[in-house]
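Labels A, B and C are assigned to the chains in the order they are written; within every chain, residues are numbered from 1.
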Amino acid sequence: MRLRRLPLNLAALAVLVVSVFPVYWMVVTAFKPTRDIQADTPQFIPLHPTLEHFRTAVGADGFGLFWRNSLLVSAGAVLLALAVAMLAAFAVARMRWRGRKAFILMVFIAQMAPWEALLIPMFIIARDTGMLDKLSMLTLIYFIVTLPFTIVTLRGFIAAIPAELEEAAQMDGASRAVAFRRVVLPLLAPGLMSTSLFGFITAWNEFAFANALIIKNQDDRTLPVWLSSFGNIFGTDWGATMAAATLFMVPVLLIFLALQRRVTTGFIAGAVKG
Amino acid sequence: MISEAPETYRPPAGPHTPTRPGPGGRRRAAKVSRAAAAWPYLLVLPTVVGTAYLLLYPLLRNVVISFQHFRTGELIRGGAAFVGLENYQDVLGSPEFWTVVRRTLAWTAVNVVLIMVISTLTALMIARLGRRMRLAVMSALVLTWATPVLAATTIFQWLFQSRLGVVNWLLVTAGFDSFDGYSWFADGDSTFAILVLLVVWQSVPFAALTLYAGLTTIPAELYESARIDGAGSWQVFRGVTFPMLRSLFGLITSLQVIWVFKCFAQIWAISQGGPDDATTTLPVYAFQVAQSLHRYDLGSAISTLTVLILLAVLVVHLRRMYSREGEEL
Amino acid sequence: MRSRFLAAAAVLTITAVLTACSSSTESPGPAGSAAAPTTLTVWVMRDSVSDSLLKSFAADYQAAHSGVTLDIQIQEWDGIGQKVTSALASNDAPDVIEVGNTQVAEYAASGGVKDLTDKAAELNGTDWLPGLAEPGKIDGRQYGIPWYAANRVVIYNKDLFAKAGVTAPPKTRDEWIDITTKLNKGGAQGIYLPGQNWYTLAGFIWDEGGDLAVQEGTTWKGALDTPQALAGMDFYKKLQALGDGPRDSDEANPPQADVFAKGDVAQLISAPGGAVAIEKANPELKGKLGFFPIPGKTADKPGAVFTGGSDLIIPEASKNQDAAYEVVKALAGEKFQTDMAKEMSYVPNRVSLAGVLSGSEGAAAMAVGAANGHATPNSPNWAAVEAKNVIKEYMTAALTGGDAAAEAAKASQVIGEILNTKS
């Protein structure tokens, strides 16, 4: 029996290593002194761990500011998308109305939008409405980028909650809104979290618009724009580069670790129904 | 309270279902239901307005630009002149465009096939693992999924760095001496391969975890009866698993097609479409033409064509989705 | 009750909108701060002028002009074309922008740059270096104001030369290869030459009598596949092999001054100002850096070099054009030009100021090379050839074992196509 499972476990181990190694290597490199990074034989465990590279990365001009900008923009976009998407997802999952199919199709097609191609129109629109060089414009764009996916997944989550629960609450005299708040919302929480996580990652990562729409007001740059000039900032200093990449990943990682269970199960529930 | 328009609430059929008379009699019910009928439209209003202004409108302007003579001067001064189909003629008449289209289709096919095969195998594997190993593998996949694109591209550049990269070291240690100081990003094919590796690495977790979730919903009895009938594992997959998850497979595949086809950030960060255009896919090509060559008009034409091509690729799925939406809720 | 649900939904949306908006209004953005009546934004390219020089200039300028704050922002070369174009097209552009002399023509032609023709006399325009003034001029109107010029020399590590027993800098290419081979021993690199330093390749091609592209009537033709150009590439390949320069990267990635600063590189091809960055990265190398002109094929003629440099422009979209002009005047004026020439070993923007360079070793080497200075093909589309990395990718292909002639033919065709595009 044990032996029969061996190939299976070996395969699992391979998946494990391939998944984790790149991230592990980033973190390990960030903690190694430069001398060890440049050693002819790579060290797979940092023998002389150091925080030197993290100091370089954090000490680099503007790191804290850009980190904060990214956080504000991403969080703002996600909250906005969740609020708007929840309404739409509810309408799609629970109601029947003329135009529903067309709406669903529209949402699906919206996911195909070639965002990078819209740089110039967006630039012109932002310029003509005085929204250039503003973080709020980025927030709005990230909101619309994440909205379609948010609707699709939330719809799945809402559909997964038996309508009978709400109906029962309404039978007991609760209004539809109350029924929604008391019954649907708590059950929806994991779904909201996992969906918001996806939106957060998308916004947190975005580079092209942040690079094109923040021009003169350089203190409003976001982290990806700043990180894209790694080579210029840290040069051959791979340690600092990896430290900065690690710090870039930290917020996402923290949310993931905190929510991991809910995210996976929640996501799974949503995906299956979607 | 029941007058809270339950008829819009999971009704058996479409919006024209005759309303059930509520306690308040026919007249009141009709009034309420008319108000209630407005509900879904109010709920989707913010989405529609937002999408119209921030997606449809820019898209429209993009299409307009594609029919204009629109270069740096027009961007700065305004006053672009319409040139009819000239830009489209330029694009469609250039052999480079068709090379890029073929490359994009190949890029999408290679990635999506790899992603779907590996994800399916991984999902089937997870379902058979012991509890602890399963948790470990799933956590690892979630970790990969959570890695931001920009961090991932930086990591891959570091892994494949020519002098200090760990991949070259591993290959040389394994006896492939020709990889000593090998510059992966100098060659078109190897850059393409690394990008495929990166995109597959990033995409498998989502697909595998979702498929695994789907697997857990299949009743065990189905498998048992198939086994009793003497089916092998491939036959079980073909006879039970795949049919049960057909729509999930369809959804994930089409999402992957969209994501891979549109993939831009990874390619731009690692190779900017090079070397020698070997990794220039349609989104990268449109960006290059518009932003590097300042030919915004041609770039707009290319991106409009990109959307049309993507729609064409997915039309079968979209049609099936559209007709299916009628039955299921 | 329905209305309550609706209200709740509305509140939710509004809160979200407010959250989104407040996230931007909260950010202070010093550039727009109300502390000073005018803040002028100046864009300077990375490594073009040293930090200390910019700082002292800003301090002096602000002291002399009360109420004016200078916000000097360093821009990266990567993607600069897109950035400057966006700035010119915006409603509130930076007030002064440094642009490379190969790119200024394109911006000047776009209509987004302020016409400064009537200021030329005040700035001693008749005395300007033609290599900077010409590209900034379109149809007789002056848009770009010359800032500085420079061409490449070889910077070398005196210690490593002494250790290898090399006493005199090479005078010809053959000597250059000989001594570099000698220097490329032990842990040291003979020369650090990244594979995509295309300005250097252009010099070698000009030495052979070739060019990057030639104009026949009104039609451009890429010329990388001529026998002369291929001979230039061949020499580049030989030289490049005498060190560990990455073949798939240029001098900015990683910054070559940092590589040289580690102390194990004997030679580097750079503008003499590169020495400032090297000494900043490793102060121990102070006084140990020497300079010589890029050797030519024969001892009587120095190697051909690309005459590089920058102009200053004021965008039409700048909200403080008059104040911006004062900054341009100061940056193009004698005081700053003299300071910059001394600190960075640049050629000042005016011919009559060239005297300030005497006594500088780097500038002397540069002046020898400048006698054989060349320019990139004179077309507003040339910037697009640069932006598309055509030459860089050809170089990498040729250096990593590709068939140089075939690759050159391919690249030449692309160059021709881009240059023949009507704008």
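By definition in this document, a residue touches a chain if its C-beta (ideal position, glycine included) is under 8 Å from a C-beta of that chain, and two chains touch if they have at least 3 such contacts.
Chain-to-protein mapping (UniProt): A, B = Sugar ABC transporter permease; C = Sugar transporter.
Bear in mind that the values here come from a model prediction, so they are computed numbers and not experimental data.
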Quick one: point me to the chain whose Cα centre is farthest from that of chain A. C
Contact tally winner between A-C and B-C is A-C
Interchain centroid distance [CA atoms averaged], chain A/chain B, Å: 15
Gap in Å, rounded to a whole number, between the CA centres of chain C and chain A: 37
State, to the nearest whole Å, the distance from the C-alpha centre of chain B to the C-alpha centre of chain C. 40
Would you please write down the residue numbers of chain A that are in contact with two or more other chains? 83-84, 87, 140, 143, 175-176, 228
Could you tell me which residues belong to chain C and also touch two or more other chains? 1-2, 9, 13, 79, 82, 89
Quick check: what residues of chain B touch more than one other chain, meaning two or more? 1, 4, 39, 43, 46, 75, 291
What residues of chain A sit close enough to touch chain B in their complex? 5, 8-9, 11-12, 15-16, 18-20, 22-23, 25-26, 29, 37-38, 41-42, 83-85, 87-88, 90-101, 103-122, 124-125, 140-141, 143-144, 147, 151, 159, 163, 167, 170-171, 173-176, 201, 204-205, 207-208, 224, 227-228, 230, 238, 241-242, 245-246, 248-249, 252-253, 256, 260, 263-264, 267-269, 271-272, 274
The chain B residues in contact with chain C across the complex are 1, 4, 35-36, 39, 42-43, 46, 71-73, 75-77, 162-163, 183, 185-187, 272, 274-276, 288, 291-295
Residue numbers of chain B touching chain A in their complex, please. 1-2, 4, 6, 8-11, 13-15, 17, 37, 39-41, 43-44, 46-48, 50-51, 54-55, 57-59, 61-62, 65, 75, 122, 125-126, 128-130, 133, 136-144, 146-152, 154-156, 158-159, 161, 164, 166, 169, 201, 205, 209-210, 212-214, 216-217, 248, 251, 255, 258, 262, 264-265, 268-269, 283, 286-287, 290-291, 296, 299-300, 302-304, 306-307, 310-311, 314, 318, 321-322, 325-326, 329
The answer for chain C against chain A in the complex is residues 1-2, 4-5, 8-9, 12-13, 15-17, 19-21, 23-32, 41, 46, 73, 76, 78-79, 82-83, 86-87, 89-94, 252-255, 258-259
Which residues of chain A touch chain C once you look at their complex with the stated criterion? 69, 72-73, 75-77, 79-80, 82-84, 86-87, 123, 127, 130, 132-136, 139-140, 143, 175-178, 180-181, 211-212, 215-220, 228-229, 231-232, 235-236
